[in-house]
Amino acid sequence: MAEVNKPFKRILITGAAGALGTVLREALKPYASTLRLNDRSALGEVAENEEHVICDLADKSAVFEMMKDVGMVVHLGGAPRENTFQVVLDSNIVGSYNIYESARQTGVRRVIYASSVHAIGFYECTQTIDADVPQRPDSLYGVSKAFVENLSRYYFDKFGIESVCLRIGSCFPKPVDRRMLATWLSYGDFAHLVVRSLVSSSVGHMIVYGNSDNSANFWDNSQAGYLGYRPKDTADIFQDEVFSQTPIPDPRHPAIRFQGGQFAADGHFEDPKVDQHS
Amino acid sequence: MAEVNKPFKRILITGAAGALGTVLREALKPYASTLRLNDRSALGEVAENEEHVICDLADKSAVFEMMKDVGMVVHLGGAPRENTFQVVLDSNIVGSYNIYESARQTGVRRVIYASSVHAIGFYECTQTIDADVPQRPDSLYGVSKAFVENLSRYYFDKFGIESVCLRIGSCFPKPVDRRMLATWLSYGDFAHLVVRSLVSSSVGHMIVYGNSDNSANFWDNSQAGYLGYRPKDTADIFQDEVFSQTPIPDPRHPAIRFQGGQFAADGHFEDPKVDQHS
Amino acid sequence: MAEVNKPFKRILITGAAGALGTVLREALKPYASTLRLNDRSALGEVAENEEHVICDLADKSAVFEMMKDVGMVVHLGGAPRENTFQVVLDSNIVGSYNIYESARQTGVRRVIYASSVHAIGFYECTQTIDADVPQRPDSLYGVSKAFVENLSRYYFDKFGIESVCLRIGSCFPKPVDRRMLATWLSYGDFAHLVVRSLVSSSVGHMIVYGNSDNSANFWDNSQAGYLGYRPKDTADIFQDEVFSQTPIPDPRHPAIRFQGGQFAADGHFEDPKVDQHS
Amino acid sequence: MAEVNKPFKRILITGAAGALGTVLREALKPYASTLRLNDRSALGEVAENEEHVICDLADKSAVFEMMKDVGMVVHLGGAPRENTFQVVLDSNIVGSYNIYESARQTGVRRVIYASSVHAIGFYECTQTIDADVPQRPDSLYGVSKAFVENLSRYYFDKFGIESVCLRIGSCFPKPVDRRMLATWLSYGDFAHLVVRSLVSSSVGHMIVYGNSDNSANFWDNSQAGYLGYRPKDTADIFQDEVFSQTPIPDPRHPAIRFQGGQFAADGHFEDPKVDQHS
Amino acid sequence: MAEVNKPFKRILITGAAGALGTVLREALKPYASTLRLNDRSALGEVAENEEHVICDLADKSAVFEMMKDVGMVVHLGGAPRENTFQVVLDSNIVGSYNIYESARQTGVRRVIYASSVHAIGFYECTQTIDADVPQRPDSLYGVSKAFVENLSRYYFDKFGIESVCLRIGSCFPKPVDRRMLATWLSYGDFAHLVVRSLVSSSVGHMIVYGNSDNSANFWDNSQAGYLGYRPKDTADIFQDEVFSQTPIPDPRHPAIRFQGGQFAADGHFEDPKVDQHS
Amino acid sequence: MAEVNKPFKRILITGAAGALGTVLREALKPYASTLRLNDRSALGEVAENEEHVICDLADKSAVFEMMKDVGMVVHLGGAPRENTFQVVLDSNIVGSYNIYESARQTGVRRVIYASSVHAIGFYECTQTIDADVPQRPDSLYGVSKAFVENLSRYYFDKFGIESVCLRIGSCFPKPVDRRMLATWLSYGDFAHLVVRSLVSSSVGHMIVYGNSDNSANFWDNSQAGYLGYRPKDTADIFQDEVFSQTPIPDPRHPAIRFQGGQFAADGHFEDPKVDQHS
């Protein structure tokens, strides 16, 4: 695509140093004249058409500056798995508030948010759910993902800032356990889903499930039909490998029964004990 | 298919001179010993196995005569887009009543009716709807389409005349704007959908959405599973062309937000002002 | 209520000479400084605070004049039961279009429309339906009621004219058959329902069922909760009388099985035969 | 797959002498070190890795012995079509109770049960149903299938014995009438569906429809997404053959209107008349 | 009501010697010229207008004779609580089949069947369910109740025999534990519910919940609106008594969590051990 | 009730100094041997059977100490209306986390949480919603309420701590605007609702709407049937007063259209401007 035809002037990607950010750093090149990349630590060499912003999302002023002159935001930043409440609070709750509140002040029109299966991880694998079921987070991490889904709906209902919340399953190079045969999202399909969220004409506020074209599947994604997401990869080709390398599971174990897998089974990620402090 | 094996003796097509009628005039040849074609103006040369009936659907007696000795009717006739109420009334409301009432009197068993996306055009593009949602017409034209859907249900519930109402999206040679990437119905898929509606064993009263196998899609057509409609074309192959030729849309504009597109945005098709007459 | 406190300046009632119109002519007095009453024939003496307009609703210019300087319209006018298609067309379809199109031109903000059980009369009595089920009219009369429900939704979605469509069951002095033990709407409850529709703050486009507090009931009216309609009468007090005066019914007869009662059972209201004209 | 890698130690197949049992006898070989086969009459030569148990499922003690040392059961046994109530009672109701109660006592963890379209055969073909609709059996045979579906849910809810109930459409070498163009399940797809039911991690209690990838389809199987069933065959390739060999049907005939086909149309399978005995 | 005005000629009550049968023996007197009472053992003195039939429902010929010349049947007979499978089979499954099959042969038009909360006893108390949820029996007794619900639907769908299945909660003189504050059905309300089921015009096949007007309630009975059941009693007046006499429950105990109460918690009603016989 | 019969040993009420806390301080006396009251500032005289704990809910250690030896918690504490994000974060998000995490560590079994209409305030007044619709908060305050609803579900799903989340409408001495005619919850009904939440046997995780028996109503509370909440008051008696004292509203104004009222209309509660700091 010729430079002049790139559909967006500047796209901001938060969490750009992580695995998913790295995928998008490459995949979104054709879609913006400038990619502004953000993370807490260095992002390597600044490629042509890139801008790098190193800051913590909990730093409100820094976020505000970063959001200026941006049309679209792909918001991947934050703690990527269960952690202490304080970390979840700072990275995911405060950080995402800063993104949305800055979006309101700087005039950003759309945010693509990396939500997660862990926002609904306490549904059973045998339940097929759509995007309108009540959230059932499986961890504090999942609670924070549900928080941002609701926060983004508020910013759309009141201020008209569009959002697509992607409930990403398991976005890794390949599935490594039996549950991921259902939840796996290939890097390619992830990038495709983000692109569809960017280029669709009028997304309002949507919640969309993100997995590849896997035979096993917990999710009814038909409400996202407008996006036109059509995964091209499938976990099925890894099935024999996964079956041969993993034991036959106990169907009653929480990590097997629930969509969130191990997150639903894990005990609490312990804060430092209160009584140790008292 | 040998003549003796043609499944229907006589199929009537109303609105046969239009674009869609022309498609069916060719596509339905193998399915009936005789195609009776109707329009308001001349239909060109009378091909073998064709009968031509030139009349206005608002002419009740003419319609009654035309419906004699007919087994199946494909009813495309009427005003094809928004118009003054008087035109909509005569062409679509009175005309369709004449079709159904004649069907009752002459013993026609099934009508395939060309309804439209405009019967539900005020749903938002981000809503995925099935055929049971309340109608939300986007124009007087759409109101008349909803009228015939209800009229046909009445004729089935009381008199057993079967109908398949096809809510046709955008049936054109190719999609020419971004919305049509979701609503486009190729001529081939349209013909296939009509054929499935004709040959299925027991359709009762059905409402079915008509679009091709487009990635972007507003409609849950699973209730039409019995028809066995499987589109073979897709608007996806036109996506790059459409994107490059159309500007990035404003997501808040009614023509972008609503499934009916420009119909939902247009002001009223003005009748001659009443006060000019008073 | 003191004159100065009457909530509305002018309410128009169409069909004011009928039984329901007569009820409202009295009941709405406290709610408007002026009641403008319309029917096709004379309405008797003009009471204080009344204005009378004698015209046919099919007369567009007359309707336009009548709608000037009106805030709220209670639209009861039209053919009150099954009739030939021509009568239904002129009285109910064209007449109601004239009301809504004039409302748009004159700035009326809300219409209370007398729809009917016959818009959904082909549901079985054992089905409990809400206001979102697809319409299933039991007669041409019912088809016309469904038409106006859709027309009014169009005028709200595009032009912001609010409507409450009241699906009136059986509004008579008392129930006279077993079905009316479910569908009966007392005159008092009817007036109360109209008043609630007038005074509620923001009705958008609503469809509401109209029956009294009868033990037997086909309808789930919970979607109308916002109106705050609480019927005060009940058909139950007439049950013994009705049971003793009517025979035990055949449960398979259409007039017994379907919510529309006799309308669902009646053959077609015959137009003059077409073939008599040809 | 090497012997040591076979996922299950011993699978029991009841009704193994029938057509479907014969399919599984071959197809499940790679999945168990031992296949224990059961039927009422001889099962031919005992192949390597096979065990044969000849007994009637109504014989409780024999069933109990047969169920020992079994991990998974594929329960096909019983009367395969409409019969007198006594036969249905003994073969399907008592026989299946013996299977489940023995499973409880011997520690079997999962049963794959061959239920049937006839458990829901009185839905109309134009209705698309999922697995949560109330059962509507079309025959005493269908009533017994519904019974086992409920019995198996009880054994899961109270005792944790998992079940997958397969509502099999028409499992034959090829479709031979128009209805089977929707309901046909190829032998290969049947075997695939059973395998998926065996190897999925945690099935709880599921009800799943069993048909191939046919264009015409009455069933919404999305609730079974977790199983990852993807049919590879389609009845579509037989459509021309079926159409040419079967007459155009009367859409009002019960065998045409209802999903159960001829079962829904047949009169009662007569017991010996009671009054002949009295 | 004068004899000549009694609405039914002959009503049969099975299980007439039990507590509920005794209630109806009195309550239905005004509704039938003759009450035919059935149980397995003597029913006391034969009152005026009564007929007594002593027989086991498993005796097909006897049931057939008993069903002659009957218009309406209230079918209460069978094992009233959990029992061995053999007892449940004979009393509830075979016995009810005999009732329905005789109804078909003798021309009975309607059966009121005493189903039970135990047909759906494995739903949690915090779930509000309507009559369309899948059955979830909590016992073999409950499985047999679900069986008859399905059997009766079959006899309606195929033969037009109407049924009202009453899912009775706890029909006792008064509630004696905390769960019964929700499930209690007074004798008076039970009789009223049976009467409504008898006199309603066209019941088709209905499933209805039976409890009094208790504040605590698991059931959405709105689908039964047509029957016009309005309970007059309430368990609320017994609340203080029940609270003071029962301990604060453990919310995790199955008898507390599930709608079926103790039935959901009880272990299996043991058959004689199979291995004792082998 | 005699002391010995008080059902609970110790109930903790947070936010006890507020209007609702004051209501419960009196109303819950009969239900606990000890009421432990918490707020940030002094709570007046310590009555018999009271314990006072003055602390901020953001103080984790203090909350942990306060939660010891408590059976039931009624959690009212936190910012009671829209505020800056920092206040909402500290008071409602961190504070409620401290409550739930301490509950887990100290063994509290149930929390009654004062959620709010503002968790779903962006539904329109004409929509009747139940407790399973996706949250649509109308303010940061509402976002925090939705957060605690999800947090409490997590603590139930993983740790078994029961919660009843009360979506309180407008709990004031009397309704003072037209919207409150629907949302008003009298103090008496509020206390009754809390008591029902405390004494019900097994609440799991529930979301319940809290308004009185008002004719106008947006909410379908049937899912809360198990609680047995029956309001005794009604806003209806204040209707004339409210109507006479408030102007006829503009139906298009957000404060009129949306269930959250003024909260849905208000602009953002401004944080100190970021750019003032930079």
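Chains here go by letter, A, B, C, D, E and F, matching the order in which they are written, and residues are numbered from 1 within each.
The definition used in the following text is that contacts are C-beta pairs under 8 Å (C-beta built on N, C-alpha and C of every residue); 3 or more make two chains touch, one makes a residue touch a chain.
If you want to know which protein each chain is, UniProt gives these names: A, B, C, D, E, F = Uronate dehydrogenase.
In this text, all values refer to a predicted model and were calculated from it rather than measured experimentally.
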Mutual neighbours - chains that touch chain B and chain D alike: A
Same-site or different-site touching of chain A by its copy chain B, using the half cut: different
Interchain centroid distance [CA atoms averaged], chain A/chain E, Å: 53
Gap in Å, rounded to a whole number, between the CA centres of chain E and chain C: 41
Contacts with two or more other chains, residues of chain A listed in rising order: none
Which chain pairs touch, all of them: A-B, A-D, A-F, B-C, B-D, C-E, C-F, D-E, E-F
Chain F residues touching chain A - in the complex, by the definition given at the top: 60-61, 64-65, 85, 89, 93-94, 97, 101-102, 104-105, 122, 132-140, 142-143, 146-147, 150-151, 153-154, 157-159, 264, 268, 271, 274-275, 277-278
Chain B-touching residues of chain A, taken from the complex the two chains share: 5, 7, 109-110, 160, 162, 199-204, 206, 222-230
In the complex, chain B residues that touch chain A: 124-126, 128, 178-179, 181-182, 214-220, 236, 243-244, 248-249, 251-252, 256-257
